[in-house]
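For clarity, chains are labelled A, B, C and D in written order, and residue numbers in each chain start from 1.
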């Protein structure tokens, strides 16, 4: 019975791991192919199944004029927009979440729960609903195709996540800590930055990671709202989706775009193992 | 080749340049892209452009994703910048989004792009936001070399709105090594009692494709299939459908509209001719490669260009891909006009006419245009003119992935392909003749639908036909649904508005 | 606690969000009452005509809704079950525990639109590896072009992408559970299955509800996957609500009509999520 | 020098958390707020701290309006029943926190922190992390933090309730020593508790609270001896004082057809009529000549046995100072020690106590 259970367990884990890795392996293999190796049917192992070449990877550093993708600038744009959007969302979201967790708000029929729901409900809106009005609005303020414009949009995208995670987090931090700090002579603002903030780091890290993930993976807004000056990574990569798709450089570019957040996965796991996340996510 | 009469000065220069191929000039040293020809004199040659000074000015271009059209745009932008001192920004957008990527700012009154690349059938929706091509460019020698079809496609009611930079057409591509193979000819005859030849009708096409479907007829260890076609429900699908429809529905003896009856603005899309074509197409799902029902253009190119199928019939790209140096089937493919039909529907008499019919569909192609709100009209037109100058054009059409195809009279010369690209002379001749015939020879052409809301009409076609291909609906039901949808669109936009626009295309068709 | 300072905390975020959103939402409402279209880009006023069309003459929109419900509910259910299972396995001692934990998290870190491009080549019916391997068994499923299977393929990709999200939330939840109830259960001699149903699952109910709701919200927007994988095809087999709105808005440029679709969609979604949340709470909490 | 509360009321929902609370407290004394869970003790302490603004009523300290000072400027200290400290700070930093808030000189801070830590027996633990301490130690840190401020009002909200029995005893003893020491002679110490024994041990004044109201205030002896109503009698005793109804007639107390008791000395003169009688568990003992009661439950606690017994409508708890086993339903004979009898009128007010006789 015990042996059966253990082998089932490992079987499940291994099968799922294969499923998780498969597209990556395929992408790695494809990134070393050329037109012939792709169109001759599926091949897997370089040198055995096909003759590898570095065209796909070289394309990443080449300009489009040489058939490349030039993902360096988009990469840093993505980093900047994601980081700034996340940072602002975390700051505003944490403050709002603290208010919603600690204080009581009443305005007509509106209570704390309704305000929280308002924040979170922004996630219900599909990007396509907002894309056109955002375009017109940003156009009015000359913010189209700028980092600032994108960051503004990302705030709408990410603040709900920050609020969601931080409200949950603060609800689990005993309010008595805040009260003690008040009694010890802190006004509510001091309470927040001297006591609450230093103790919220696990929550903020989780919220930050979620914001980064959702910001980094957004495609639609950056696609509609930017032209040439500010191109983000997913847009640059999808621009490879031409009528003749260069599978090889597409795969290479995809792998590059995935890499930074794999690092995030390691950080998440580290916090998870140390138990720091548990309180933050529970 | 006899048909090429109006050989322009520019094309004579091409010929001269070919003759002195190795004679590098200063421009080809600097720009290796044109190393085969060197600079070719003209209004927008490297030499002429180098005299312009656009330093301090910025040109912004929205073009297609790399490489098709995207790579030449970026390449010529780089060259243009080097020659004129301008700063050129290029943004690459997937094909399906080119329309909206330009249309959103147009409608919002923004002008982020000076130049927008797109398809010729965007013209009606876009034209109010576009700057017509100035007379200076329309009258230049370089433009005189462009075939009439491509002048027409880029013009609206006689005024040139889009700048010709590329030629596009649908024609039949087939595996010459199979069709011309005596062993297979015999085998085919023995088993079907028919001739194996370049298919003259869609029925023949279907029979041969079905015959050569699902077995390894080129002995490479892989299975081969009948036909590769664009069947994926995206923005190109309708074009494949119309290519299959024209022979059945475009009756040279009936005037007054192919898509609509110009008088009543009633959709004709569910007429027997179209239903017949869709029935053929549903049949075709049986002889496409696995997953062929979800092939986009890229898949079609990969499939035929990679030697997987016997036939293919859309744009040039698959043929060019098959004829590239690294292709396993180089010089094993042939080009021919689209198949015709044994009968054609006459909607006036309401009956089939049992005569052979064939009609080229002037499918949409790549074009580019300058935004009205752009502040750099002159620079923008200079760029487009430079893009299409003879030296660039000659170099571009030799590179399959660029997606730049012949549209100048001087392009249709077999020597060009034999000498530059090492094509088999016979194939090159057949290719040049087929294309030239389509451009200048036919009197039964169908122009693409170019009316307000063209995307809604085409989208309805794609939705309806893909339901038929997927077996959700019968061909008649599917096209009835499309027709009903079309009626709604007509009603929404206004029959008169659409008639006014559609009349322009019909006038071109009926003039022949 | 109740201090005036509370507004200093709440208002910056709330006002920023409202300031950013007030125009888009107001504009969408106005747009939905106009006939703005590719040919006629202006804010005329046509009353509720768009809404009439939506409710009386647009079966496709409602079909897309049905498809969306099927896709999102099924994928979220699968994500929950698989995510919970995996979390349970790597919660306790297992070889290479940390390796597996990291590995299981990775898919959610990838950009859906990019990974879907890879998936498309993966499931490519004649050039992809899946059918190449299956060809040894003489089957060639039409992953992307069969009407039923294409839905399944979309689900596979969604499950691959977002199961890690469930996994993360549930594992974090498991790691934070108190030890005492498990101790009590083992003293009472409960086996692993009984322990799961009587201790683990009830304790995890609040986390589960939160995770499921959040995932449902996110899954309802499913768009990138469909956009790249199937473009809603074959036919309309994988066309979901947001993709349909996308087609009407950004492909056919019927801005006015797509605004009406958007608002209707939003209202239906907000109502359904409220109901779903209540139902889930009832269902899962009453369970213990 | 005193803290005066008048008419404090707080009703956030439908229930009164504070209902017209009035009291006066003076410095150098310990006040124990005794009441059951949810009696409003914590609300009262938080109101005194300024964390809750009452709907009505005033607070003055030394004739100054105390209630309008925001919490962070009030000179109060508070210890919670949960072990509340700043988790991100070390022991030293925790204790120094309130002093740093006052911008005190660092050498002064150091002196006071070290003294406070010494008082609570944590010298040497300055650099420890809070999480590395045991529950008792954590609570000592909290206590040190409340002492170090030398606040005029120190609030202790059931500080020992989450500790184990032994530690509780030990800490309670230390508390008494700390708070009766020189250092806290300028402070008003307010301690809330549900445990009557604890309240008695701490000495000082007791305020008995229930449903947001102060029922009785007095010294522990006074409250113990003369609970002014049945509720106080119950709250101040563990187990709660037995209450049973009966009649006084003809110099006898008639509880039922079978049970009647002689009126004890301190109750002589009670008018004929119905009363509520109170008897601590210790007043009920087994005696073979007593009245028959049937056993409902017997609980052994240490060397004592609590016996829940019933006779018709009268259910009482008796305390036996030995360990004995009983079967449920078993009939035992029970004697009431009428010398310890309390008598309350129909309005539950005290009429007669063994210590003061008839009111």
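In the analysis below, a residue touches a chain if its C-beta (ideal position, glycine included) is under 8 Å from a C-beta of that chain, and two chains touch if they have at least 3 such contacts.
This structure is a prediction, so every number in the text was calculated from the model and none was measured.
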Sorted by contact pairs, first entry is A-C
With centres defined by CA atoms only, which chain is the most remote from chain D? B
Between chain B and chain D, tell me the centre distance in angstrom, where each centre is the average of that chain's C-alpha atoms. 92
In whole angstrom, what separates the CA-based centres of chain A and chain D? 54
Expressed in whole Å, how far the mean CA point of chain A lies from that of chain B is 40
Multi-chain touching residues of chain C, meaning two or more other chains, are 1-3, 126-127, 131, 250, 255
Within chain B, the set of residues that touch 2 or more other chains is 97, 104, 302-303, 308
Note the residues in chain D that touch 2 or more other chains, in rising order. 51, 70
In their shared complex, chain A is touched by residues of chain D numbered 46, 49-51, 70-74, 76-78, 80, 82, 84-88, 97-98, 101-102, 142, 145, 149
Would you mind writing out the residues of chain B in touch with chain A in their complex? 60, 62, 64-68, 70-71, 73-75, 77-78, 89-95, 97, 101, 104-105, 108-110, 112-113, 222, 236, 296-298, 301-303, 305-308, 317, 321, 326, 328, 401, 403
The answer for chain A against chain C in the complex is residues 5, 9-10, 12-13, 16-17, 19-23, 26-27, 30, 38-39, 41-42, 44, 92-93, 95-96, 98-100, 102-105, 115, 119-134, 136-137, 152-153, 155-156, 159, 163-164, 168, 175, 178-179, 182, 187-189, 192, 213, 216-217, 219-220, 224, 233-234, 237-238, 241, 245, 247, 250-251, 253-254, 257-258, 261-262, 264-266, 268-269, 272-273, 275, 277-282
Given the complex with chain A, which residues does chain C contribute to the contact? 1-3, 5-10, 12-14, 16-17, 20-21, 23-25, 27-28, 31, 82, 85-86, 89-90, 94-95, 98, 100-115, 117-119, 121-122, 126-129, 131-133, 160, 168-169, 171-173, 175-176, 192, 207, 210, 214, 217-218, 220-221, 223-224, 228, 241-242, 245-246, 249-250, 255, 258-259, 262, 265-266, 269-270, 273
What part of chain C is in contact with chain B in the complex they form? 35-41, 57, 124-127, 131, 140, 142-147, 150, 230-237, 247, 250-255
